[in-house]
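There are two complexes below, and they share chain A, which is joined by chain B in the first and by chain C in the second.
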Partner chain A sequence: MSAGLVLPPWRALGASRRGAAHVRSGLPNQDALLLPDLESDPPWILALADGHGSPKSFRSDRGALLAVNTAAAVCRRLPCDPESPRLSTIKHWAEDYLSREIVRCWREAVDEDIAAHPIAAEECTQSSLASLESGGHYLAYGATLLVVMVTVTFIIYWQVGDGDILTVADDGVVSRPLPPDEKLFGNETTSLCADRSWQEARTAFQVLAGAPPALILVASDGYANSYRDEAGFLRVGSDLLTLIRADGLEAVAANLSDWLDEISRQGSGDDVTLGMLCRTTTNPARLGQWG
Partner chain B sequence: MNQLLKIGMTVQTEDSARSCRVEQFLGGGGQGEVYRATLDDAAVALKWYFPAQATAQQRRNLQLLIAKGAPTFRFLWPLALAVAPGVGGFGYLMPLREPRYKSIVDLMKRRIEPSFRVLATAGLELAHSFLELHARGLCYQDISFGNVCFDPANGEVSIGDNDNVGVDGETGGGVLGTPRFIAPEVVRGEAAPGTQTDLFSLAVLLFYMFMIHHPLEGRKEVAIRCFDLPAMTRLYGVEPVFIFDPADDSNRPAPGYHDNALVFWPIYPQFFRDLFTRAFTEGIRDPLHGRVRESEWRAALAQLRDLIVYCARCGAENFYDTASGQSAGACWSCRQPLRWPPRLHIGRQVIMLNHDSRLFPHHLEQQLYDFSNVAATVAQHPGNPAIWGLKNLTGRNWVITSGEGAIKEVEPGRSVTLAAGTRINFGGVEGDIRC
Partner chain C sequence: MPKLPGGELASRPLHFIWIADCSGSMGVDGKIQQLNFAIRDAIPHMQKVAEDNPNAAVLVRAIKFSNGAQWHIAQPTPVAEFKWLDLEAMGVTDMGMALSMLAEQLKIPPMSERALPPVLVLISDGRPTDDFQKGLSALLGEPWGRKAVRLAIAIGEDADYEVLQRFIGHPELKPLQANSPEALVRHIRWVSTAVLKSASAPASQPREGGVSKLNVPIPAPPESGDAAEDVW
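So, the complex of A and B:
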């Protein structure tokens, strides 16, 4: 690294693995993960989508891919001058518009995908075909979506449906930045494809000051479902931070896919996807100096 | 997620150096973080500013607001500046919002489903609160969903984020919040926030509460492919068109996108819709003279409360529309025919006499709105449930004149039968019952 070249204050890593049960049944990996390009200007967007995978959601792997790409495109439309962001404006934007825009743009992307690749009868069951004709084509692409949008001054956390976003503080304390969704019960989840799904989305806005998170994790529900209890799953956050600090990010990245395969095999059998943003500076003031 | 203060630490009030213990992180915003704290064993809220927001100007503004005091107890008003040894910047203490209050975001997301009566009461309280604020020469600058809460059981409001309140005519011109609630002339950069622009924001907020939708988001919004700052500036600032503008149908609500507006708009009486139409047509064209005043909203919302009737079939609240005459029409919810209950006319006021209707001092005298002080209530005859009356809960006799001309006094605690043609002299004012 040449002198004077400033690194972005975050590093990203992640992996998405086809679940053990999906391998057995021949289903594809229906999760999608988008890691941020940290060489580009902020915002940096980490997005994870989990396609429903049921017979009625027979294109949910594509729905998940469209979801992460849509989220990234919408998040880049920050309504502010990047030189002088007005934080109240961004907070309101995140709370008022982000959900509607992500859902609207995802639906447009689905419409375009269907126009480009019309649904063939052999793709789905007879009952699914009937529901498509009555306007249920978004269900065919149904997916949940988790987004973390990071800039030098703030983070936005956004989620519709199941899956987990965790933050880990420098001292290893793990938190959930988003409030719990009471509509998640058993295997039932809210979804991008549901009517008025933008109203089901949860949003949190965090200004970077004082003690920003050392590590941010996004995980598909296959990850948490592989743990017996909440405490065991939350410990993943502090354990990963300890590992990254002890062995380095590269070592964690090198082993991540194997770990996820093992977690799926021993646990839920579902696709398992994990994305991470790890802060590389302990000085919050440096966060505002990048770029 | 808290970053600025540690739980368990102590901050001091700047004026009296009283100790205040930080108990719990409640949330973060664009300016700082809010904590629950205890001051002399009482629970309070403590907002602590991010370093970049802890400016000398913010401190001066808070000192001014603390010195002036709250316009009404509905404002969670700054009580004292707070500082902490070893921690940079400052914060301020304010009353803690009770958990019974819910935000308008909860209304939008259908996490609460208040009655129309509650919404009208909340709207009335909001209009009254901002009237009191403006009467002190102050302006709020940032009226939006996020800073107004109400109790879905009774409509009592709680207004937060008051640290941005400024002196009218002395605001900096900076735009707070999103363009969505801001007056078009401020969005365009032609005016600074002030009491006139607050009136626009208040109208937007009221429209949102009653229609669960934004007054400028119609087909023009659907046509926007990229909802970025230029698009928002165009929609809310440069080309604002009311979705129900009678002279311009270019921005009507789009079915499938704006269904709330399409469903709710026809439910309300014409006079109420007219007020919104004025707010978002003349009020946009002529910010100085065209806007609906707080007192007009207050009177309209009081009237709206009084016009509620219940569908006998499904119980849904409907509105008697004085503009539609005797035709009751159909219930908006179950589509079954409605029947009007008896109604009381007092001057320009019309009060529908439902089984639960009540009269308050503002109905009978030139007094301000006080819903804790009931002057009369509709009551059922104890011996004959088919007979309904209006029970005198004031401290003085009413004089009634029956349709046949018979005069009688109704003492406190006694009732007058709800019969068409009966006139009631309440003391200062007179009303008549119509069926």
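So, the complex of A and C:
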């Protein structure tokens, strides 16, 4: 942390739990979560990836892990000082460079992982082997990726594939910072492993002025799919903000893993992962001292 | 543990729909009786598969077609409570109308966006007598129609294999040929169990990246059986 920044204006919390259906079928947790190191200088990066988990994506848990680490590495290459940025440059960087680089670096990481750990025949089915031979080795690591990159002056939201990024305002109103993607329907998703997947990325840029979010949530699709309807899922945001304000972040942290287990058990059965960034001050004027 | 954040939790609905040919020819050589038997026989096995995956709420119903089409079991029924009502054979083969009626029920709403891909099983022994393409277009015009697991069972050698293949829409997946009561039971059992199990917990499917375009991985189907047992 640089001199002068005594405390980061955010606190981070999250958990990733193996889904109830994965426990029954012996599958691992194929989600990966990376929480920001708030003790370091910004940007602070929250990343979540969800491995596809099908027989053809038999290394998707590794693909998810590579995805969150790649996202963090690429986001740290901000083209200027994050504390005094040229916002128009950053916005252009986020919308153009970031997507290409995340996808390119993830593929590079997959290639390196395969070189270091060659795929053994017993890892996959015959049809998966055929797919690998026809250039589908990225599919073996296929994953979705959600990234929130926070500095003292702006936030970048970035996503390829399913899952949810929510923001919660001081008054508890829950919003989606990214536009919906009609291609995400049923169990079909855009993916890091698809051709030209960087073109499928959705990006939003938010200047931290006026009314910054009190809470930012990222969740794998197993979370939202566990609720009877959209309204029930969105209520997670306002309920969590209320709980944090009433009982503190530590109380939420103490219960989070149990909640996620129960949500998967009663809901989708899928792996359920939630990462959150909670602003430590609700006063935008006070936040200004950081930016 | 404090109250969970958020609204009501729920397992994901999985709609399983039989689409049954009840034309007059299904009355020949006991085909309709065998179909009734095969579906009734499969119900306990379906229930067992559903019990093994409480995260999918399997809801079953049936539509029939002959002179026109109508919902035979209209209410999406939890599989644990599902009872088969016998079909009777008479009339022509208005398959297109059945698909159009099905398309109406696959709209959002009444379907939910968070549902699992529905399983649609078309069973027929003949050629459509109405505008099949119109019905198929209506079905594929709905997102859940396109994303559904569409399977077909051809009963006897007079079934229109090409029409059933168009309904399935995936060249790697062929209509199941049932030329005997035994083969019909095997095929009905397979769609009710192996396919249902696969559809109950589908992994995410990336767009473009996969070799297969099937929305749900379909397990290997049973053999059609020994030609010596063929009666239809």
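We adopt the following convention: the second predicted complex is superposed on the first by the 277 of 291 C-alpha atoms of A that agree within 3 Å, B and C clash if a C-alpha of one lies under 4 Å from a C-alpha of the other, contacts with A are read in each partner's own complex, and residues count from 1 in each chain.
We take it that a contact is a pair of C-beta atoms (placed from the backbone, for glycine too) under 8 Å apart; a residue touches a chain by one contact, two chains touch by 3 or more.
Values in this document were obtained by computation on a predicted structure and should not be read as measured data.
Bringing the complexes onto one copy of chain A puts chain B beside chain C with no clash. Once chain A of one complex is fitted onto chain A of the other, the partner contacts of A:Gly136 are limited to chain C, with no touch recorded for chain B.
Contacts of A:Leu87 after superposition: chain B is touched, whereas chain C is not reached.
In the superposed model, the vertex angle chain B-chain A-chain C (Cα centres) comes to 90 degrees (nearest 10).
Between chain B and chain C, more residues of chain A are touched by C.
Within the superposed three-chain model, A:Thr280 lies out of touch with both chain B and chain C [touch as defined at top].
Within the superposed three-chain model, A:Gly267 lies in touch with chain C and out of touch with chain B [touch as defined at top]. Legend: residue contacts after superposition of the two complexes on their common chain; A:Glu101 is shown touching chain B, with no touch to chain C. In the superposed model, A:Arg77 makes contact with chain B only, not with chain C.
When the two structures are aligned on the shared chain, A:Ala20 is found in touch with chain C, with no touch to chain B. Of the two partner chains placed around the shared chain by superposition, chain B is the only one that A:Gly210 touches, whereas chain C remains out of contact.
Nowhere in the superposition do the C-alpha atoms of chain B and chain C come closer than 15 Å.
Chain A residues 200 lie at the interface with chain B in one structure and with chain C in the other. Of all residues in chain C, those touching chain A in their complex are 1-2, 4-12, 52-56, 112-117, 143-144, 147, 201-212, 215-217. Taken in their complex, chain B has these residues touching chain A: 1-4, 28-31, 50-53, 105, 108-110, 142, 144-146, 174-178, 180, 226-229, 232. Chain contact summary for the complex, chain A toward chain C: residues 20-21, 24-25, 50, 52-57, 127, 130-131, 134, 136, 138-139, 142, 144, 161-162, 183, 185-191, 193-195, 200, 221, 224-229, 231-233, 235-236, 239-240, 243, 251, 255, 258-259, 262-264, 266-270.
Residues of chain A that touch chain B in their complex: 77-80, 86-93, 95-97, 101, 167, 175, 177, 199-200, 204-212.
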